[in-house]
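The next part holds the structures, each set out as C-alpha cells.
Heads up, the next two complexes both have chain A, just with different partners, chain B and then chain C.
Up next, the complex of A and B:
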C-alpha cells in the first residue's frame, strides 16, 4: 500500500511524468532565455560577428531614458489593470452569483468572448473604435452632442496610455471573472446560510465572507496580472506602434524596436533581461506585501 | 507492467522530440539541393506596379527555364522586413532575397551576402545615377535594385487649390506656408500625413529638406564620419521646416495613428489637398482614386527654400534590391545570376514603367510608350530635378530609428528641433565609436 498506489506515486514516477513537459519547456523557454543572457554581454547585429562588451549593455540600459519611460508605462498598465481587470472582474462575479440576475449563462459567455480573441484582432478593432474621423467612439460622442470631447485618441501623448490600456482591461475581464467564479463556488454555502440567519445583508456577506475567502485567489490573480502586463506587446504594437514618439512604448515594444528596427540584438537581449529582472522584482514585492498582510 | 508502459510512452515522446529537433537542423543546412530559394514581398492582389511587373517577369523566367526550380516564400511588405532581419539574425537567409540600402552594410560586414559586381558586368551604365549607391560598400555592389523612383513627391489636388483661391503651386516656401493657411481657412486639411510607421516623415520629407539645406557634401561627410554633425545649423534648419509645418497645423490631428495608405485615402476622399509620398503612391492613385480626384491631381516637389544650399532636389534613387546569400553553391549562383539579370534588365524596367512606377534602369524609347498620365507627370518632375540620397536607405538602422522617433516627438511638441538634432547627434556619436 505505502508508496505504491496510483493515488500517491513514488517521487521517481512524479519526475518521470514531469519530464516531457519539462523537456518542451526547456526547449522553448529555458534555452532561449540562457541564450539571451549570453547575447546581452555582446555587441551583436545578427549573423556571425559577436563582440564581447562585458556589462556595457547593462550600464547603458540603466541610463537609457526610453527604457525607464517604457517601464513607467508598464507600471501604469499594471496599476490600471489590477484595479480594472481584477476589480471589475470581482464585481461582476459577485453580481453573477446574485439570484436576481437573469441570463447568467449569456452574460458569462459574452464577457468571456474577448479573452479568446487574438490580441491583434483586439488591437485592430480598437484602433477602428479610436479613429478620429470614422471611429465609433468619436461618432457616439458627436451623436450625443459632446463635440468638445472628440479627440485624436491615439495621437495625444497625454491620453494615449489611457487609450491603449482600456482595450487591455476590457479583453481580460472575462479571464479573471472565470477565476473568481470558480473560487466562489468553493466557498461553502453554510457560511452564507449562517450569515443570512444572523441577518447579514448580501452586501455584508460579500464584504465579510466572499472577500476574505478569496484572499488567496486575489493574490494569484494579481500575480497573473503583473506577469501578463509586464510582457504586453501585441495590442500596443498594433494600435500605436509605441507612438506618438515613445509615449506608449512598453518594455517589450522597446526590446522589439531595439532588436529588429535598430538591429542591435545584443542590446535588445539586455533590454529583455532587464524586463525579466524587473518583472521578478515586482512579483516578489507583491508576494511580500501579500505575506506581510497575513501576519 | 503499468510502469513499463508509462516509461515506454515517455521514451517514445523523447525520441520524437529529439527527432523533430534534428529534422529542423537538417532542413536548415540543405545547401546542396538544386532549388533556388527566394523570398520577396510581391503580392499579385495588391496591384502595386513594380511588384506586379516583377511577378510577371518571374513567371516568364520559370517558363523559359524549366530546369531551374524556384521555391518562393512570399510575405507582406511590412512582415517581409521583420522576417528577413530575423532570418539574418538566425543565419538562415534564403538564397535570393530583397534588401534595403540600410541593410547592406550590416549584412556584408557579417559576411551574409556576396558582392555582385560580376552580375553588373557590361550593364552598369543602364542603371540610373544614384540607384546603385545605397547598395555599395567600399566600391563593391551588394544589391541589384529593382525600382529607382523618388521618395519625395507632393501630390496635390488642383481643384481644391482653386477652390481655396490658389491659382498655382507656390514657387517659394513663404508662398507654400501661405497656401497651407489658406487651405486651412477653407476647412481643408492642407497635407494628409500618416506617420504611424514613422518612416514617412523621414523618407518623404526630411531626406529632401535636409539635403536642400546641407548640400550633398555634408551627407558624404556624415557617412564617412568626417566632421559633419546633425547639430549643424543647416540640418537643424531642415528640422525647423518640418516643425513649422506641424506647428502651423498643416497636418491632420491623427497623423501618428494612421499609416501611409490612410494618408492616401484621406487625399482620395478630398479631405486633404496634398499628401507627400514616393512615386509608388502613383499606382494607388491611378487605380483607386475617384475620377475627378485623379484628373485634378498634379505632382510637385517642395518649392525653393530660403537659405538652402541646393534649390530643387528631391530624395530618391533606390528602393529594394536583390541580394544573394553568401553560402550558395557555384552552380546555383549561375542560375541566380541568370534570374536576377532577367528581373533587372531594361526589358524588366520597361514593364515596371508600363505599370506605372519608375525602374532603377533607364528605359530606351519611353517617349513612345503607353504609360499612365500620373507616371508621365512624375517622370517630368524627376527628370528636371536631381536626386539626393534617401536618409533611411543609407544611414545606420539604429540612427534611423532614433531619427524617426525624434521626428515624431517633434510633431507632437515634445522636443524642439534643436533637441531632436542633439538626440540624433548623440546616437550618431555612439555609433561612430
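Up next, the complex of A and C:
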C-alpha cells in the first residue's frame, strides 16, 4: 500500500495529464453531439438566419419517406450482412480447423486483405466490376455465354440494393473470420477429445460443441454488424451516390444530401440525431435479445 | 463411403480456393490493368498488359496532382498517429493505474465513442468547425482523426499496462523520476508490441478515412488520397486504367503495411472488436 501512494500523483496532476486528450475528444465528439441536438430545433440553411421551429424538423422526419426508405436500406444491408458475413465467416473458420483443408495460411492472409483497404477503393473497384459497358462482371457473363444475365447492375432501382450490398459483405468476411478463429482457439481441446471418444463425427462436433461455445462471439459479431452497417457511407457514395433516384440511399448518405446538397443544416442535424437514435436503439435491442436468450 | 468423403473434401477445398481468389482477384486485376493503355483495356478488360507501360502513373502524378494528395495523406496520417499514441498512452496509463474522481465517467465516455456511429457527427462537426474557422486548414483533419482514434488505442494500452507489475514504477520513483518520465521512460519501452498494434490500426484508419475528408476540406490542394480519387473519377470518366493507377498508389502503402505486420493487425482488430 505504501507503494501505491508513492507512485500516485495528486488528482490535480492526473487531470492535467488527461486534459489534452480529453479536450480534443470533447471538441470533436461531445460538443458536436450537443450542437446537433440544438440545431435540430431550427430551420437553418447555414446563413445568419436561424428560425426556431420547435419539433417541426422531427415531425417532418417521421413523415419523411426518403429517410425511412434509407433506414430500410440500412436494415436490409444489416440483415444480408448478418447472414452473409457472419454465416460465411463462421463456415470458413470451421473449414480452416479441418486437417484436410489445404493452403490454410494462404486463405487466412488473402481473405483478410479487403478488410484493410479503404472503403472508397472497394467502392471504386466494384463500380468497375459492375459497370454496364466496361465492367468485369458483364464481360465475364458475355464470355461464358450468359448474355441474358448482363444487367445494368447499379442503374436498375430493382437490383441496385443487392448489387451494393455484395461488396460490403465481401469486404468484411475476413474480419469476422478472424474473430471466429480467435474464439475457436479458446475452446478447450478436451471437449473435442471426449466427443471423439464417443464417436461423434467432426460435423457433429461443430454443431454440438463449436456452435454453442461460440454463442457470445456470435452476439459480438452481430452487434458489430449492426453498428458497422448503420454507418455505411463511403461505398454507396462512390458506387451510386444513393441513386438511381433514392433507391440505394442509406441514412448517412441522406444526412449528407440534406446538409451539403440542399444546405438544410437544421434538418440535416435532425436527420443525424434520428440516425444516432435509431443506431443506438438497434444495438440496444440486439443486446437485450441476446441477454434474454441467456435466461 | 470413403470415395464419397473424398469428393466432398475436394469440392470444399476447391470452393474455398475459388472464394479466396475472389477476395484478391479484383485487387490484382486493378494493379495489372493500371499498366494498360485505355484502348488496350477497352479491347479486352481481362487480359494482361501486352507491355508494362507507366504512362498512367506519370499522368496521374502530372495532371492528376496525385503527389499532392499523397503528401497530404502521409502528413496527416503521421501527425494523427503520433498524437493518438502519445495522448492515448498517457490516458491509458492513468486509467490503468489510479483511482480518481471521474475515472468511470471518462472510461464510459471513451467506450461510448467506440459505439456511436461517428457518421452521425458529420453534419454537427461541419457546423462546429465552420463557426470556429477550422474548416479547410492544413491541420483540420488531424482533430477528428485523433479523436476517433483515441478510444481503441486507450483500451489497448489500458489493458496492457494493467498487467505490468507496479514494483518497477516504485523503484523509478525512488530514483527520483517524475510521472511523465515513468510513463515514457519506464512503461512506454515495455509496451512495444501493443504500441505497434495501436500504431498500425490508427494509421489504417487515418489513411483510409473518407467522409470527414470529403466534408471538412474544400481546397483541392489540401485533399487526401481517398477524396482525391473521386476527382479522378470526375475528370476522366471512363479512363479506367488511369483511375486504377491512382487507386494502386493509394493501396500500395496499406498492402505493404499489411503484409509486413499481418499478425499484429489481426491481433489488434480482434482485441478492439471484442472490447467494443
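Operating definition for what follows: the second predicted complex is superposed on the first by the 267 of 295 C-alpha atoms of A that agree within 3 Å, B and C clash if a C-alpha of one lies under 4 Å from a C-alpha of the other, contacts with A are read in each partner's own complex, and residues count from 1 in each chain.
The rule we apply is simple: contacts are C-beta pairs under 8 Å (C-beta built on N, C-alpha and C of every residue); 3 or more make two chains touch, one makes a residue touch a chain.
What you see is a predicted model, and the numbers here were worked out from it, not measured in a lab.
Q: Can A:24 be said to touch chain B (first), chain C (second), both, or neither?
A: both
Q: Quick one: classify A:243 as touching chain B (first), chain C (second), both or neither.
A: Only chain B is touched by A:243; chain C is not.
Q: Between chain B and chain C, whom does A:201 touch in the aligned arrangement: first, second, both, or neither?
A: neither
Q: Kindly classify A:260 by the partners it touches after superposition: chain B alone (first), chain C alone (second), both, or neither?
A: After superposition on chain A, A:260 lies in contact with both partners, chain B and chain C.
Q: Is A:182 contacted by the first partner chain B, the second partner chain C, both or neither?
A: second
Q: For A:119, decide between first (touching chain B), second (touching chain C), both and neither.
A: second
Q: Which partner does A:13 contact after superposing on A: first (chain B), second (chain C), both, neither?
A: Both partners, chain B and chain C.
Q: Decide which partner touches more residues of chain A, taking chain B and chain C as the two options.
A: Looking at chain A, the partner in contact with more of its residues is C.
Q: Residue by residue on chain A, keep only those touching chain B in one complex and chain C in the other, then list them.
A: Comparing the two interfaces on chain A, one with chain B and one with chain C, the shared residues are 13, 17, 20, 24, 27, 46, 259-260, 265.
Q: Contact residues on chain A for chain C in the complex?
A: These residues of chain A touch chain C: 3-4, 6-9, 11, 13-15, 17-18, 20-22, 24-25, 27-33, 35-36, 39, 46, 92, 95, 100-103, 106-107, 109-121, 124-126, 128-129, 134-136, 139-140, 143, 170, 173-175, 178-179, 182, 220, 224, 227, 230-231, 233-234, 237-238, 252, 255-256, 259-260, 265, 268-269, 271-273, 275-276, 279-280, 283.
Q: What residues of chain B sit close enough to touch chain A in their complex?
A: 3, 6-7, 10, 13-14, 17, 21, 82, 85-86, 88-91, 106-107, 109-112, 196-198, 252-258, 271, 397-398, 400-402, 405-406, 408-409, 411-412, 414-415
Q: Touching residues of chain A toward chain B in the complex: what are they?
A: 13, 16-17, 19-20, 23-24, 27, 45-49, 127, 130-133, 152-157, 239-241, 243-247, 257, 259-265
Q: Note which residues of chain C are touching chain A in the complex, please.
A: Within the complex, chain C contacts chain A at residues 9, 12-13, 16-17, 19-24, 26-27, 29-30, 41-42, 45-46, 87-88, 90-91, 94, 97-98, 100-102, 106, 109-110, 113, 115-128, 130, 143-144, 146-148, 150, 166-167, 169-170, 173-174, 179-180, 182, 204, 207-208, 210-211, 214-215, 225-226, 229-230, 233, 238, 240, 243-244, 247, 250-251, 254-255, 257-258, 262, 265-266, 269-270, 273-274, 276.
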